[in-house]
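Shared chain: chain A. Partners: chain B in the first complex, chain C in the second.
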Partner chain A sequence: MRRVFSEEQLDCLQELINVAMGLASNKLARFLSTFVYLQVPSIALVSSAQVSPQFDNQYSGVDSALVSQGFLGNDGLTGEAIVLYQLDNAHRIATLLGYETDSASELEMLTDISSILTTTFLNSLAEQIDNSLSYSAPRVLSSRQENVAEALLDTVCHWDLALKVDISYQLIDHSFNCDMLLLIPGEAVLTIQQILVRILEEC
Partner chain B sequence: MTLPVLICDDSLLARKQVRKSLPEFFDADIVTAENGMQALTILRSQEIGLVFLDLTMPELDGIGVLEAIKQEAMDCFVIVISADIQPEMQKRVTELGALAFIHKPVNPEKLVLILKQYGLI
Partner chain C sequence: MSDNWFTSPVLEQLNSGVLVVDEQFQLVYLNTFLQRHATVQLDEVKGKSLFKVFADVPEAWLRRKFASVLELQSPSFSSWEQRQYVIKLPHMRPFTSASPFMAQNCTMLPLNDSAGRRHVCLLIEDATDAFVYQQRLQSTLQKLEYSNRIDGLTQCLNRRYWEEQLKLEVQRAQRYQQPLSLLLFDLDKFKQLNDQYGHLGGDSVLIELSARIRALLRDTDWFGRYGGEEFGIVLTNTALEGALDVAQRLCLAVSSIAVIFKEYSIQSTISVGVAQLNIMGERAHEVLIGQADVALYNAKRNGRNRVVAFSAGETEFLLKTTE
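Let's turn to the complex of A and B:
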């Protein structure tokens, strides 16, 4: 990691992500009328082979779903924001929020929550780095219908190396947790680095 | 009169942003801390008039610092500068005695406005 990013660049990236995560958490907290614990996100450079095992570790044996959304910005910035859910607590939240409890409504709710988290997070990141992002339509995958780990692999198999950011959104009443996985692949990692160099020069 | 100021944030970028947001005419003697424990060591050993405090930090977070300041009745103003902007968090830091709450990334105009409001500049 240090071989690609300097300590100062990593610190800068971490702070940009903290601010974006803070805004996303605030939106989520308002949507669910609760409080979200902010945890320090983890940032790493990974190969695509490492992503699927991590998912298996976290989600094996539980019904899960993911909502994945690609983004594309200026200067070759591109990536994927994936929000991962365990379906057993999704059911509880669906009832609370007044969604129907059939699986289609449940996935609709997860798409809504993902949209809140992802667009708030990415819009804030884009604003801070003076970029503008466009988004692809979200893709929803549920383990009740297909193998999510394999689907995740499909998403990530187009690159060798990516910048991976793990963010966990944990609600204070433990009613609901979800994880956001931000993947910025290949050449776009260098775009991020150039952006960090510019920000550090300016401050 | 020079005001002894502590900027406490685990991010170097954030500390720089706060320092840069202070108006040039603001006569401050600035020290920095990278976490809550460091901040308390400084606060217990030297006079600090104003603290810019982050919340999400390793070792000891900003809430822990505010609690210690309150408990030990330290005589300093605290302005919280945080990415955690949830209303409940803002309420909590105000109850713990913080003067003001500023969203990250810090907005220099807002900062100056607050400093003026409390007669610090």
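Let's turn to the complex of A and C:
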């Protein structure tokens, strides 16, 4: 990772992401009227081959779903956010979103919660770096799939390098959790680097 | 903005719906696309509640969606794949789509006016084309699945699918300890018949007899074409005695009525081998086929047009043939 980012830049990026996370979880907690527990997001530069093994343990042998949502901002800032769920959790989402159980399908609720998690976090991040983002509609990539790691491998196309941010969400009161995988492809990583340089100069 | 001259006409010509409501869900704006599709005039509905003007929108759901847009100031989405439409509207393919309603991809965006009042903009994209393609794909897949397991000539199950079902039924019978029997039958002297009446004559006999036999079977039996003129029937929950009964009836149904082909009346018979499942293990279905085949061979050797059951004494011969 040091080959691309300096240590100072890396610290700065981690700080930006932590703050965005804090802002987003605050908004989320108020909106969902529940306590949102977040671990400190981890950042890594990866190749596509490294994406799926990490989810192998956590999601092997359980019904799960993947939802993807793309984003695009100024200066070529772009990427894709993938949210992973265990479907055991899914029925708890309805109460969380305040839906009548029969008024929305499980998948619809999953795309809703994905969109909320993704956009609140990314909007908070964009705000801090003076950017603004537009979003594609969230898409269900796969569901009821036994092996998420395999599905991810099938889905994630091959690129040499991407910036990966892992965020794990836990809603304690509802025993609901899911993972968000933020992937920013090679060229957009350079955009982020330029942003970091600018921010560090302003400090 | 100096470019304002075109935003309004473009908005009116857009092939997507644009609707804006305030925080009280009162309509502020509808573009031409929506006014025309919903047959309403903006002047008449402006200031009225969205839920009054479009009475069949899912109110609780939409309120919740709009609340998230307003509170989180972030967009929300709805896809036709999960919810065909948010506002029930006709589409522009009244003759070529199976559903009368427009399939919609919707985006809900936060929008604030110059005074800082919060609004929600609902963008409605017509996804009817995608919906139609998806439906066509589904029906094609269904047809493909059907043709993938049916023998084109006789409309029986094809060998691959029939064998799969045999294997499953054998496993099921073993698990629930239910009897299961297998009939293998062969059209007698089919080669002669082909020589005499031509292949079309032979084919028409196969078609007619399969239909006649199918009519005598239960829904739970599996009737498949095993080879050229050889067929198999899996009789679920049936012991040897019952299976012999069925086999006799099939024999009679074939021999008693001739098949009419052009000016000919073609007399034909079948020989049937019958075996009941009596062993366990993963290869039991293969052994069962072998046993019924031995019985069929004996029916042929004993003079055709008859039913022969497999008997255990022939196991030695059987082992030689299956190895």
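The criterion applied here is as follows: the second predicted complex is superposed on the first by the 172 of 203 C-alpha atoms of A that agree within 3 Å, B and C clash if a C-alpha of one lies under 4 Å from a C-alpha of the other, contacts with A are read in each partner's own complex, and residues count from 1 in each chain.
Keep in mind that, in the parts below, contacts are C-beta pairs under 8 Å (C-beta built on N, C-alpha and C of every residue); 3 or more make two chains touch, one makes a residue touch a chain.
Keep in mind that this is a model prediction, so the values were computed, not measured.
In the superposition on chain A, A:Q128 makes contact with chain B only, while chain C stays out of contact range.
Looking at the shared chain after the overlay, A:M21 reaches chain B, while chain C stays out of its contact range. Looking at the shared chain after the overlay, A:I116 reaches chain C, while chain B stays out of its contact range. Residue contacts after overlaying the shared chain place A:C12 against chain B, while chain C stays out of touching range. The part of chain A that touches chain C in the complex is made up of residues 27-28, 30-31, 97-100, 103-105, 107-108, 111-112, 115-116, 119-120, 123, 135, 137-140. Only residues 58, 60-61, 64-65, 68, 71-79, 81-83, 105, 107 of chain C touch chain A when the two sit together in their complex. Against chain B, in their complex, chain A makes its touches with residues 8, 11-12, 14-15, 18-19, 21-23, 25-26, 29, 35-36, 38-40, 128, 199-200, 203. Interface residues of chain B facing chain A in the complex, by the touch rule stated above, are 11-14, 16-17, 20, 55-56, 58, 82-86, 88-89, 103-105.
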